[in-house]
Amino acid sequence: MIPVTYYLVLSAVLFLVGATGVLIRRNAIIVLMGIELMLNGANLSFVAFARQFGMVDGHIYVFLVITVAAAEVAIGLALVILLFRNRGTVNIDEVRSLRW
Amino acid sequence: MNHMTESFSYVWLIPFLPLLGAFINVFVNRNPRVSGMIACATVAASFLLALGVFFQLIGLPDGERSVDVVVYSWITTGTFAVDVAFLVDPLSTVMMLVVTGVGLLIHVYSIGYMGKDACCVRYFSYLNLFMFAMLILVMGNNFLLMFVGWEGVGLCSYLLIGFWCERRSAANAGMKAFVVNRIGDFAFILGLLLIFLYAGSLTYADVFAADPAVLAPVITAITLLLFVGAMGKSAQVPLHVWLPDAMEGPTPVSALIHAATMVTAGVYMVARCHVLFAQSATAMTAVAVVGAVTAIFAAYIALTQYDIKRVLAYSTVSQLGYMFLACGVGYFTAGIFHLVTHAFFKALLFMGAGSVIHALEHALEKGRDPQDLRNMGGLRDLMPVTYKSMLLATLAIAGIAPFAGFFSKDLILLGAFVNAPALWLVGLATGAMTAFYMFRLLFMTFGGETRLSRDETEKVRESSRVMTIPLVLLAVLSTVGGFIGIPHVFAAGMDRFGGFLAPVFSGLPEAQVPSASVELTLMVLTLLLAAAGIWGAYTVYIRGNSIFDRLVPRALYTLSLEKFYVDEIYDTLIVGPVRKIARGCWRILDSAIIDGGLTLAALTVRSMGNAIRYTQTGVVQNYALIMVVGALVVFAYITGFLGP
Amino acid sequence: MELYFFLFFAIVAVASSVAMILQRNPIYCVLLLIMVMISIAGLYLMLDAQFVAIIQIVVYAGAIMVLFLFVIMLLNLSREEGGVFRIQKPLAVLLAALLFLPVAAMVMSYAGGGTTPPADGGGAGFGEVEQIGTLLFTKYLLPVEIAAVLLLIAIVGAVVLTRKGTVSVGE
Amino acid sequence: MTELPFLSLIIWLPVLGAVLLLFVKGDTAARWVGFGVSALVLVLFAVCFGAFETHLGDPQFVERMPWIESLGVSYHVGADGISILLAGITALMWPLALLGTWTIVSERVRAYQVFMLLMETTLMGVFFSLDLFLFFLFWEGMLIPMYFLIGIWGYENSARAALKFFLFAVFGSLLMLAAVITLAFLYHQAHDVLTFEMAALYQLSIPPEVQFWLALAFIAAFAVKVPMVPFHTWLPDAIVLAVVLVKMAAYGFIRLTLPLFPDALAELAPLMCAVAAAGIVYGALIALAQSDIRRMIAYSTISHAGFVVLGVFALNQHGIQGAVVHIVSLALSTGGLFLAAMMLVQRRNTWDMEAYGGLWHTIPVFSAFLLVFTLASVGLPGLSSFVGEFLILVGVFQQHIPIAAVAATGIILAAVYMLRMYRKVVFGPLTREENKGIRDLSFRETAVLACMTLFIIWIGVYPNPFLRTMEASVQKLLVQTHRLAETPPAGMTPETIQDMR
Amino acid sequence: MNTALPVINLYAVMPQIVLVSAATVVLIVGLFERFRKGIPYLSLLLLAVSGVVAVNQLGLGPVPFSDVSSMMVMDDFGLVATLVFIAGAVLTVLISISYAEARSIDRGEYYALLIYAVSGMSMMAASTDLFTFFLGLEVLSISLYVLIGFEQRDAGSNEGALKYFLLGAFASGFILYGMALLYGASGSTEYEAIARTLGGERSDAVNLLLLGGLGLLLVGIGFKISMVPFHAWTPDVYQGAPTPVAAFLSTGSKAAAFVVLIRLLGSVFPGLQMEWIPLISVLAVLTIAVGNVVALVQTNLKRLLAYSSIAHAGYMLLPLMADSQDGSASIVFYLIVYTAMNLGAFGVLAVLSARGAPCATLEDLAGLGSRRPLLAAVMAVVMFSLAGIPPTAGFMAKFYLFSALVHGGYVELAVIGLLFSGVSLYYYLRVVVWMYMRPAAETPAEAAGRLSYTGMTALCLSALAILAVGVFPSELLQLAERAVMTLP
């Protein structure tokens, strides 16, 4: 049995890599993917904890989180498409008319 | 005491009637010709009432000649209680008589002098208002009421000096008078506060009856502060500067306010507070020294002035100095006596001068100053009544026996000789100078060759009756007025004036009286010096001898002519710096430092706002980065909190 | 043996994820993310979470990621040009690394929090469809309903936002 | 005593008037409504004043009802000798001010009347509140009408002035708010009852070091509005209502700072006196350097306000009674001065003294009134200010002789700057062509100024009715301030408050 | 397989059910073009119905959703919060009508999403479990993403939506990870279970996990309430969003997050009060400071209001420290008042923007006082209220809030907060200055024609409410107090 800590550390790494992706990428879609990565990291923790407690609740959370992720992706991609239509780009560092 | 109070209960009418007159003139009367009548009538009524008081008072035994008449309770808070109440005693009665009597004559004279002025309604209401204030001053039974009158006369003086306010100089002079007076009043108020703090009351009776031990720690402070007040009002050096400028007012005003009554308020106050002053040797010395110095100082300036009214003004300052000298050496009666006689002859002098000016105003060509002695001369025959009455007054002020001035001045010098020989010498010298400059004035005005052109000479007329009658009356008083106080050496028990006032000053130690021979010697000496002064004036101004030009150094002459540069010194040392400080306070402290500091604080906040504002780059990942920083802080905090 | 599997999946997941955030070509990014998803699904299996593992592959890797791919292709996105985040990039990496320290410290000290994992994974049927299904319709009825609403909103939203005819490209 | 809720009527009638004004069309009608309502308030007040029993130190005409129970706040109003005097001068000044500015304010007349009436309400509320919370509510609420009055109908740069004033005032008040909350909290800690009753809070014993800070917070609020140097720089820009603020702030000092923080005053009172005295001289000096009439009046107000504060912090009967009388007389003299100046400026449209001169013969009636107000400001005996100033000096002299001496120099300086102004405006030769055609005061203007003059003379000549009105109240206040008696007044204990719930 | 079906109280989630149904009805009806004009009124009606349902349930005590796991509970706190959200939504709908027409976004989906958002907020308020909270939050967020981006043609709207979406999803990630940690620490996601774990004996390790989890939650919730340093999105998004949506965003979503914070911290705070106070107080003060100081230099009205709303969030954070019923009640009261004020402020802009050119900057307000006296008066009332000047509700709210803070023993914080609220006066009054004391340079486009009746009704209502509550706050105070009474 692998200690739960391993999974947790892995999930932390994935979460932070995802967060880093959000911070450094210009392409809105990749940023969105970074967020997905973060969610996956969190999910991994849930499942690891569920195993640790021997309770299946954590799985349900993951199930629900995937639903949420799907919803978010739908909206996110819609917004990206809209952005592309409006400005012909998906690079969000070019979208900075609202500032100061 | 009660029935006595009742029998005097009408005294409130004495100040009130002139006030009524002023009121009528301001609000009811629109007719300039009636205004003078109204004013005179009310003052006459007051004078009659004052006479009534006088006779009622001499009907009373010595010990009961002091009555408080309470009108109503004025200011009451806790332990502080001041009434509007009048004190009827010989001293206030003398003052009432002088004020209403001389005042009445001057009112009458004013009808002639000011009757043609477009604003004479206003003039008479001011004049009446002045009578009211002056009477409050002398009649009040407490310090605060005195202060009301004190400031009230100051106000009227301000208004009357500035009567011809469209003249810049008049407006300035009025303000100067008020402000300089205020400096004295400031000290006066502090004195009052000290009195209240230690004596617990401001009523004369309570204060004078207070245990000297209670007042002892502050008595010098109190008396000196009060005296500073008196110096302001009575134009003593160094607060004398306003009085010569006050001559900007109409001449009757100068006669009434700046010679006969208001300026003597200081003397009255010191005499009134003789109980307090007597407790402080320092204060007495100060009074005497200031008086003496003022006397000679002003006389010295008067020697060279060319403006007829300025000569008289400096003469007034000088004579007031005499009065203070008297008070300072403990001869309060003498001070008051001189106050009375001075009121007669100085009022007369001013009115005479007014008569001359009035005549010359119409006669002189445009651009020629009707007040300048150098534009006069030889008026003796053109204005005989004026000349004669002025001659009598000049003799009186010069202290020639048996005119009024002789007796009072003699008494003062006697007191000085006994108590402060050095000051006596000063007084003596002043006497000579007085004689000189007064006769200089007389000779330059009436004597010698006329300096008027033929056309002008033809236009000069003697003044009308309404002006000359008061002159004559006052001339009589100047001549015989002294006999109310004949010195002991001539006729024992004939000092009626001193006798009348005796109950007031009864608390003082018995004055030392030198032997009769000494006294007589002194008189002769005084007379000789006066005669010398007259001779000097005659030599120079009638004979045209320029002996003084050769004898006196130019510098001394200039010093006198330029009035010791006192105004200039004040301008440089006080007025200028105060103005600079005021500007500095405003421009530097207020605008730059306080307001600027606030602006700076506001700017700092704004620039902080701008600094943070520009972190808002609009790039979404920057925002995310900031969030991560926040998360890091949170985590650092948590782990730091529970860490090793 | 388990450890090797774990290490394998873990290394693949981390490597792919790091590659994903560094990869300039968006298509490759999607593929890399799918790799991560699959590795994670493997890990789920190791944690006795069969149902979740399936869902992860079918829904996440299969549906959601395809959606990404679809959009990328739809927009015909080319390689990302050099970033403008000159300061942001190193800063972000540094921050993430810094943030890793407390988080790792936190989870490493956890060690089960006093509990020990049941050897058989919580009894028969742990992580299987039936058990999860039962819970979904009893204890978690409400969240499931809410999730349904959520999906409805997402659909409506996506439709509203992308409805054609109101916006033309480049406007 | 009648059963009518006099105080509430006086407080709220102007609000009713303001609401009525919203439905009034036309400037003249609006003026009449504004004037009528404020006159009605004056009449009501006169009736109320007639029924006031001067020998009582306790609040009269008390009205009380629960209001915000969960915060322990009640609507509790009453008038004692001090408040009734200050409210009285307000009631008097309001119709006069409205009448005086009848034509001066010619833009947005209706709004002007509305804000003036609203301000009257808040002022009355401040004076009559017996609940600290209620007091604060009125205190802060007043800022709104005041802000608009300064901002819209002020003179040049008025928007900035209004903002500046508002910020100043609010920073002070916010500190006070913190202190108010803390007071209630302390009371709650001690008695387990939440209340803002002033009478109850007076009884609270607070540790001296806490008192010190609380007192400072209160003082900050009042010092800004009085205004005391160095918190005064808003005033020259926002002079329009300065006199009103002096009234309020001084009332705040008397009503709250003194009885609430007796121990802190041991340290603070001398300090306040010193600052006030410095302010007197400072304000006077700067007034001396002004050539703008408005700024001159502003700085003279600062100087006079120094006297008021000085009197209050003399902490004795003379000082406080003097301060109250001085406040009343300030309203009349400085108020009159400013009103007169506004009338003049309405005719010539400049505040520069140098632009005038030689008015005496052109507009004698105006000049006469200006003289009266000038002299009143100078503190001439026989006019109102003298009584106040002298009593204040008497009071302070008993505590701090040097401070009183410094303060008294203000008397000299006042004469200088006031007469300087008068000389420049009225005296001197008539040099400017445009000054020749100036109209003298109209009947309405004359009536307004005459009315004020009457009161100035009345107070100067016979101030005792005013002094007597507040004597008992001031004594009671001093008992509280010096904690001379341990018995709580009028049965105010935590228990009774609890019962009243 | 023997499954015991849980006992379910549908009654307990009635308001949420009604809201979701209402939204769906609006959505469906909105599909028919011919009902287009009637949609807002239908929305109002349905919102009113939900309001009535919620009111009817007031005082019926805490009723959990089911016996197995509480997930959601029906109590006064949640109901009062729901009522506030509904009221906010009603006002939003009212000010939306003319604006939406002018911008051609007056579609059924707009109003439906608005009501969905309300239902999400209501779920958040009623949640007693992290998961339902999370889902409620997502319902709210996703609705808002769409609403913000609703003006497809408008680049600003689009940009705002994208920014809000990316950051919101980012924050959701944090929340989720935090939930995972909390789940790991306590084996459950119920507030109570977490509180139990906190309250009981616990090892340092668990403790760390708990604190870490809560820290991550704080990041996520801090994002929603625009707490510094998670605030950066606020001005951009408010500026970009359609004005009524910005109004809704600044009130409803923030209020919902606060409600969660109160409920969550009410449960778990006693266990870690001492440890958190310095952090939260520093963040709160920073929030107040940044909000107020930056607002000083803004000239764009929506950005100005955004910073002001950041500052207000800071004030509302303060009483959390006091950890008392009073403190919570004061936040609830403040939220209610704040909702009215901010909707009023944005509402004025929305109503003005509905006519011609958008009302964007301070200059656009010049001369409003004489041009639109009523509207200007409303704006003035709102500004004074935001500034906390009596007799407005804003003052009462601030007073109550700072009272609670002082009674909790945090005098210094109260003083700091009050002083910054003094700073805030400057920019609130600047709005008034522009309206009343500066003449308009030229007659702006909106000067012609009538303003929308519905919008004006809403604005006058909120202004009157602000004044009324300012003078007679008792009822509302009692409501707020009653709301927090049921909290643990």
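Chains: A, B, C, D and E, in written order; residue numbering restarts at 1 for each.
Simple rule for what comes next: a residue touches a chain if its C-beta (ideal position, glycine included) is under 8 Å from a C-beta of that chain, and two chains touch if they have at least 3 such contacts.
Just so we're clear, the structure is a prediction, and the values are computed from it rather than from any experiment.
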item: Partner chains that chain D and chain E have in common; value: B
item: Label of the chain whose CA centroid is most distant from the centroid of chain E; value: B
item: Greatest separation from chain C - chain, by CA centre; value: B
item: Central chain (distance from its CA mean to the mean of all protein CA atoms); value: D
item: Whole-Å separation of chain centres (CA-atom averages), chain A against chain E; value: 26
item: Gap in Å, rounded to a whole number, between the CA centres of chain B and chain A; value: 97
item: Rounded Å distance between chain C and chain D, as computed from the means of their C-alpha atoms; value: 70
item: Distance from chain E to chain B - Cα centre to Cα centre, in angstrom; value: 78
item: Numbers and ranges of chain A residues touching at least 2 other chains; value: 8, 11, 15, 18-19, 22-25, 31-32, 43, 48, 52-53, 55, 57, 64, 68, 71-72, 75, 79-80, 82, 86-87, 92-93, 95-100
item: Shared interface positions of chain D, touching two or more other chains; value: none
item: Multi-chain contact sites of chain E, meaning residues that touch two or more partners; value: 131, 135, 138, 142, 145-146, 149, 152, 162-163, 166, 170, 181, 184, 187, 204, 208, 212, 235-236
item: Chains that touch, pairwise; value: A-B, A-C, A-E, B-C, B-D, B-E, C-E, D-E
item: For the chain E and chain B complex, residues of the former touching the latter; value: 162-163, 166-167, 170-171, 174, 204, 207-208, 211-212, 215-216, 218-219, 222-223, 228-230, 232-233, 235-236, 275, 278-279, 290, 293-298, 423
item: Partner chain E, residues of chain A touching it in the complex; value: 8, 11, 15, 18-19, 22, 28, 31-32, 35, 38-39, 41-43, 45-46, 48-49, 52-53, 55, 57-58, 61, 64-65, 68, 71-72, 75-76, 79-80, 82-83, 86-87, 92, 95-100
item: Chain E partner contacts - residues on chain D that touch it in the complex; value: 67-71, 108, 133, 136-138, 140-141, 143-144, 147-148, 151-152, 158-159, 162-163, 166-167, 170-171, 174-175, 177-178, 181-182, 184-185, 188
item: Chain D contact footprint on chain E (complex, rising order); value: 370, 384, 387, 389-391, 395, 399-400, 402-403, 406-407, 411, 414-415, 418-419, 421-422, 425-426, 429-430, 432-433, 436-438, 472-474, 477-478, 481
item: For the chain B and chain C complex, residues of the former touching the latter; value: 621-622, 625, 628-629, 631-632, 635-636, 638-639
